[in-house]
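As written, the chain order gives the labels A, B, C, D, E and F, with residue 1 at the start of each chain.
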Amino acid sequence: MTRGPLDGMKVPRFAGPATFARLPTRAEVEKVDVGILGLPYDNGVTYRPGARFGPSGIRQASRLLRPYHPGLDVSPFEPRQVADCGDVACTPFDIPQALAEIEAGVAELLATGARVVALGGDHTIALPMLRAVREQLGSPVALVHFDAHLDTWDAHFGQRYTHGSPFRRAAEEKLFDSDRSLHVGIRGPIFGPGDLAADAELGFRIIDCTQVAERGPAWTAERIRERLGEGPVYISIDIDVLDPAFAPGTGTPEAGGLSSRELLQVLRGLKGLRLASSDLVEVAPAYDHAEVTGIAAAHLVYELLGLMAAE
Amino acid sequence: MTRGPLDGMKVPRFAGPATFARLPTRAEVEKVDVGILGLPYDNGVTYRPGARFGPSGIRQASRLLRPYHPGLDVSPFEPRQVADCGDVACTPFDIPQALAEIEAGVAELLATGARVVALGGDHTIALPMLRAVREQLGSPVALVHFDAHLDTWDAHFGQRYTHGSPFRRAAEEKLFDSDRSLHVGIRGPIFGPGDLAADAELGFRIIDCTQVAERGPAWTAERIRERLGEGPVYISIDIDVLDPAFAPGTGTPEAGGLSSRELLQVLRGLKGLRLASSDLVEVAPAYDHAEVTGIAAAHLVYELLGLMAAE
Amino acid sequence: MTRGPLDGMKVPRFAGPATFARLPTRAEVEKVDVGILGLPYDNGVTYRPGARFGPSGIRQASRLLRPYHPGLDVSPFEPRQVADCGDVACTPFDIPQALAEIEAGVAELLATGARVVALGGDHTIALPMLRAVREQLGSPVALVHFDAHLDTWDAHFGQRYTHGSPFRRAAEEKLFDSDRSLHVGIRGPIFGPGDLAADAELGFRIIDCTQVAERGPAWTAERIRERLGEGPVYISIDIDVLDPAFAPGTGTPEAGGLSSRELLQVLRGLKGLRLASSDLVEVAPAYDHAEVTGIAAAHLVYELLGLMAAE
Amino acid sequence: MTRGPLDGMKVPRFAGPATFARLPTRAEVEKVDVGILGLPYDNGVTYRPGARFGPSGIRQASRLLRPYHPGLDVSPFEPRQVADCGDVACTPFDIPQALAEIEAGVAELLATGARVVALGGDHTIALPMLRAVREQLGSPVALVHFDAHLDTWDAHFGQRYTHGSPFRRAAEEKLFDSDRSLHVGIRGPIFGPGDLAADAELGFRIIDCTQVAERGPAWTAERIRERLGEGPVYISIDIDVLDPAFAPGTGTPEAGGLSSRELLQVLRGLKGLRLASSDLVEVAPAYDHAEVTGIAAAHLVYELLGLMAAE
Amino acid sequence: MTRGPLDGMKVPRFAGPATFARLPTRAEVEKVDVGILGLPYDNGVTYRPGARFGPSGIRQASRLLRPYHPGLDVSPFEPRQVADCGDVACTPFDIPQALAEIEAGVAELLATGARVVALGGDHTIALPMLRAVREQLGSPVALVHFDAHLDTWDAHFGQRYTHGSPFRRAAEEKLFDSDRSLHVGIRGPIFGPGDLAADAELGFRIIDCTQVAERGPAWTAERIRERLGEGPVYISIDIDVLDPAFAPGTGTPEAGGLSSRELLQVLRGLKGLRLASSDLVEVAPAYDHAEVTGIAAAHLVYELLGLMAAE
Amino acid sequence: MTRGPLDGMKVPRFAGPATFARLPTRAEVEKVDVGILGLPYDNGVTYRPGARFGPSGIRQASRLLRPYHPGLDVSPFEPRQVADCGDVACTPFDIPQALAEIEAGVAELLATGARVVALGGDHTIALPMLRAVREQLGSPVALVHFDAHLDTWDAHFGQRYTHGSPFRRAAEEKLFDSDRSLHVGIRGPIFGPGDLAADAELGFRIIDCTQVAERGPAWTAERIRERLGEGPVYISIDIDVLDPAFAPGTGTPEAGGLSSRELLQVLRGLKGLRLASSDLVEVAPAYDHAEVTGIAAAHLVYELLGLMAAE
């Protein structure tokens, strides 16, 4: 029998441990089916830093989550055991070492049979996540990537492992199935027209932000399902896919994004997909206000957990 | 002849009294047709407190309101006399006493023939409001309740009178017409599937947030009108029906809500209904920024006044 | 050959000069085709002051802009030379003198053959802008004005030159073509029904905020194009046309406005129009948070530059 | 018998009217001995505007003040009747007109025999205050001016009536007794060494911020008393005499200022002086946080009222 | 051997659990010598609520604390085992029930032989703390109370158990030794001169804020030691003893308080005292900025732990 | 003849370029005597990142500085030419490369005969600064280091070049004269008693924060002068030497620090010293409020410029 979050009718939600949704820790449960895992790393950022505080910020903003999801008709914290597995400790100074430490931390948890929902940290962490998932599954996953940005650039200042490049590196390493991959929510200025061509060559398809706006969440979800096909799926959510009004607390904000509601509805439309692991990244609490960003992030993680429970 | 707000062409809007929309006080008019009444009570909250500062926050944010509403083609401050009737003084320590004090304060104003637009305070205050309105009218009103939450839970920590239970208590006390009642904007995690069934047993129907998003404000307004039928209506607005981007300054924010524009348009679509009294609750200024929440609340109150003027 | 912004791959975007998009200054280029010009003037405001810090706030928030606009398929900083021409120095104390100084500063730049994208400052500055543009072109431009407010009032406290009156004065001075003029995004309370009639007498047509919401950006853009017809166009954007959730940092916020995405899409729909000059006004950074307003403003300016590049 | 503030034991301090300290309004009392008077004018500022919201900000921050002052052993709201006389309405657009309106509003209240404690507004308002006080008393008052800045500059941009010049104008108009005048708390960069000489020529003496720091509040108060001598005294407090840590919400902050405690102690050391009228200026709430500045201002006003009660 | 905080050289301080100073939890150690205990209760407040988030706010702000205290030359986390014992769950609705729950939670921990450093919550919690400590020790402790306010009022709105009355109740219940008790840091307006007399009748002596300012921390500490004499001491710190510049995040701020440095120095001067248990209360994170208040609170708790280690 | 800042009487201070104090850029002057140089690097931080925005934040907060310093009786911008030399572009990803780029950028400017006042960035930048200064002078400088922290730790996570180690590295490289070096303002928890011994072995002496508090700025300045002796001096100021109330916008805040006034007075007491170059580091604007930290930093830089002018 699984152990759920602290009961809000017995311990007020503003009290109790600062685990995600006040779930038990890994030490408090026998086996973890889904592990919430903090990856407080932000040395890959190119503009505003601070996503290192993302895991603690999202956890604090998740206190209000309740156990039943009426939209999906599931209890995301049941029947599988969800636990907060803490943070992977990694150096804030050395990029290759940090990526190795993150990959090891994720792999160790996956090796227990758990799936991981990672709380970033900046988007660099998607690379070690995908490496570990690829290793776990033995084959590439399908990939849906929600973001304002392509994140398939090559290098910044000679550094090939940044938050602007994880999906190029992952493609080069064949960590995901390039025929079953797409970006959703792309918008805003880029470096040049070549960016889009280079991205397409990696296999990505794009549903851009304008298309989501014009066609709506249901259409978007359907289109995503078509692209993802059968088999396990990795979902990577950069909180900056939301408009800065909905997610001010992030590092490279772009005007004109999705609303929280739209993104939640798109995710809800993916019910039935088989989720491998997932990440939610780029929450930078120093730029947040009244936990608006943190709350959006916590609800998106809750939605991911719901999808896992709804399979 | 009614007395309107201070003229913004004579006294700059940043100056003058801090009454709602710079309206006259009760003492300054002969008779009050519609009384703005502050209910600075927040001892019923389960998460972030601070709605006790809601009335002063909304008033300060209402300074910019102008006298004519082009959408409804009415002057909300005419022809009926609207006045700011101040705050009901109630204890911050004892829930039953506070509810009695609020009910008495509201009843006293209603007894003069006025209608009340209450500025919360937390949602607990809807109960004494409905008690007093029920008493005034001699029969139950129709009820439309805008909120992210059902607010029909039974008790928290043994306390049956909280901001999570006013509409259960009101249903038990037959304060509103259960065949003419509905929630609008419901979303987010709940405690269990039984919550919805229990709510429905009280007579409520639900237009949830997704439906508003998919069908639009006009459809929503039409559906509300059908449910409300003929006769006087009570409108209760929890500001958290809005997304946290539009209303960060509140106590139990849920991601994925309505925009201010959607809610204003829904209300506008109710033109012609006979409003009894109303409340707008759960504005917690300590979590607001640049008065975003306060301004949304002030405009919603203005919309309610417009509906009263447009009958 | 034009000189573009500092290369984000060589100088990190958080570093380097605080010019708009880190563009070269006027002194650093041979000829300016499009000049970004700060007009840090806010003595025309009626409520919250602070737009005097708008130019510096927008510049700081523009650091993240990249050189290619995929939606318009143009490089807004090419092939025409865009430069940051600094601020016009004008007195903060004397309205007529300040307007003369602004007009002179704008005219001087226009006289070099450049077009101007002005960063306000409050909306008063649209008047000297239009005066200088009228002088430059020798004939009235078409005018599309995005705003929550009409800005065709006559006078406040006897003062005829404020941020509430620029388009009345401009109409009286025949600075724009009244048959090719319209307001977009109008909403919220006004002083009386006569306001609309008086506005219409000046020749303006209105696409109000509700219409944009119900019909969408594409319809709106089409309708604007019909009204503007052939010939050069002046675009004036008051940031308060956006909802306070998207633009908290402004002086006279009104609930229920456009989203950033809607406005960007409307502008994008104007591709092909011949833009004369433009302004973006009423950004008040003291009320902003995490540069949300500044970022929206910077992207809107980028969109205007894109339209100029896409002709 | 005087009427005091609303009783905090009967109406919670977060409730009730937004008058200063929840005092009665002028209309609610028979006679005013000391009138709190808002002067929401800030068109004289040279940097950050926003002091127009000072009166409402200070009032909101004054809710917590209690009736007895143990340091002075007086009840500042007794035995004299203190009332909140609202705001003087003045144009935000025309400096001479505004100064005339302020002077008239102050003079009207003084003419009833009341003393005035003005809530600014920017420091320009000290000039019409001193004009009215000079007229009331028939002779020049002594003047003690707490400020980081001299405020005896001549003109900015040709404008001779700004927040940088009130005491030069007042000296020219012989509104105060130049042999009984001094600045306290002066610090920070100035335009040139001539500034100090020019200031001294007007008769001012200076106790600068370093002296207050080194010698302490008691020494400072004693030195002030020596300079002021016998006869009525006007106290003018610019909140920026405090360090930005204690008063972030102001327009021209200078690092290295007084603490709130030091200034309160200096004022307390002036017990027994005969206060004519006073002002507290330059509170700009848009830059405040958690009402830190407003609370300091409210306590300083309370101290002034205490001095008046302690005569 | 004791188990200390997570090593900041192995797990970055922004990562890892959100326990106080990243100490082990109670479940992770064999025996607790000093237990950090959250008391997230704020239903006793009279003005700004929000201290219910105090424990989580202080914990988050304590991440940077390092293991050695050079001022006291001790390691506060050694040789005694310090652990974070989580929060006592208590109802937010019923004052007597909550006080009983808090007392039981504290008593249970004390019964294991531990001392408690409580993180409030509002000051009401000092009463159940003192009840439990009195019970544990079998005799009254000496009491030193740092606060802007006396907190010996009798009742608010008929409620005898609020944050304004804990020390009156405690005196009535003889929970502390009235001959060895004092307030430190008192300042600001009170209700009447009788407040001081009534307080003195309970046995309290006062070192007010002005005395601390004039005589300095060393004198203050010496004076406190004289009053406390021999035997165990209870230290109760209301964060509002600090000036709002140092502690904006609190509920009833008063201008003119102590600096963080002064208070830390006073505490350091108490080295050698035998501390029973202690509390630090009234941190309200919603009003904090950049964790300024939380950091001050965390350092004060660290100082208390240092005193316990230095005995 | 030198060229000074833009004249605040001709261009309002809120307008004009965002250079430090609105000084000319390097390109605009013939020769630079003192160069303000931004070092927007923060990859050496161990807790809150964000000092990469320090240079732009300090510049924006320096707009209000006026040309004459009465305390030192000098014009810091005369007679030597002070110019804003922009930012050194350095990679945000590779620590050794970044340090090399910074050193090269500084050395290039020093090579023109200029002295540098660096705006950090995190404290790591003191190392390349000292390397370049050592190279320029041909001998080690004296060093006075204002900080809450020793910054002589060895390594974090194996990284030897962080903001916690610059002065250990500098000592190892003999960049400064260990007999003429000291820390001022040290306070707060450290890792162990060995930290102090290890620091002393490097030659440092310490005037800790308590000593400054007890003995005062004049004593402190005198003591510093004694230690520094004759010859050129390097001053390194970590803004966290100030209390978080005075400098919330920083990365590793410690309660109980200096006030801005104390630090300004200490610096003023160093008049006559021969300053080589200097740095001011660790301003993280994302955590600032109302530019309080930025203003303190700008005034400290102004003080450094004043010392250079006063030689």
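Keep this in mind: a residue touches a chain if its C-beta (ideal position, glycine included) is under 8 Å from a C-beta of that chain, and two chains touch if they have at least 3 such contacts.
This is a predicted model, so every value here is computed, not measured.
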item: Contact-richer chain pair (by C-beta pairs counted) among D-E and B-D; value: D-E
item: Farthest chain relative to chain E (centres taken as mean CA coordinates); value: C
item: Chain of greatest Cα-centre distance to chain B; value: F
item: Interface composition of copies chain B and chain C: same or different, split at half; value: different
item: Geometric centre distance via CA averages, chain C-chain A, whole Å; value: 37
item: Between chain F and chain B, distance of the C-alpha-averaged centres to the nearest whole Å; value: 54
item: Per-residue overlap in chain E, given as positions that touch at least 2 other chains; value: 12, 14, 46, 48, 52-53, 91-92, 156-157, 243, 245, 259, 287, 289
item: Complete list of chain pairs which touch one another; value: A-B, A-C, A-E, A-F, B-C, B-D, B-E, C-D, C-F, D-E, D-F, E-F
item: Contacting residues of chain D [partner chain F, same complex]; value: 46-48, 156-157, 187-193, 195-196, 209-210, 213-214, 243-245, 248-249, 252-257, 259, 287-289
item: Contact set on chain C toward chain D in their complex; value: 42-46, 48-50, 52-53, 91-95, 97, 156-159, 162, 286-287
item: Contacting residues of chain E [partner chain A, same complex]; value: 10-12, 14-18, 38, 40, 52-53, 55-56, 59-60, 86-92
item: Chain D contact footprint on chain F (complex, rising order); value: 8-9, 12-14, 63-71, 73, 75, 216, 218, 243, 245-246, 259-261, 264-265, 289-292, 295-296, 298-300, 302
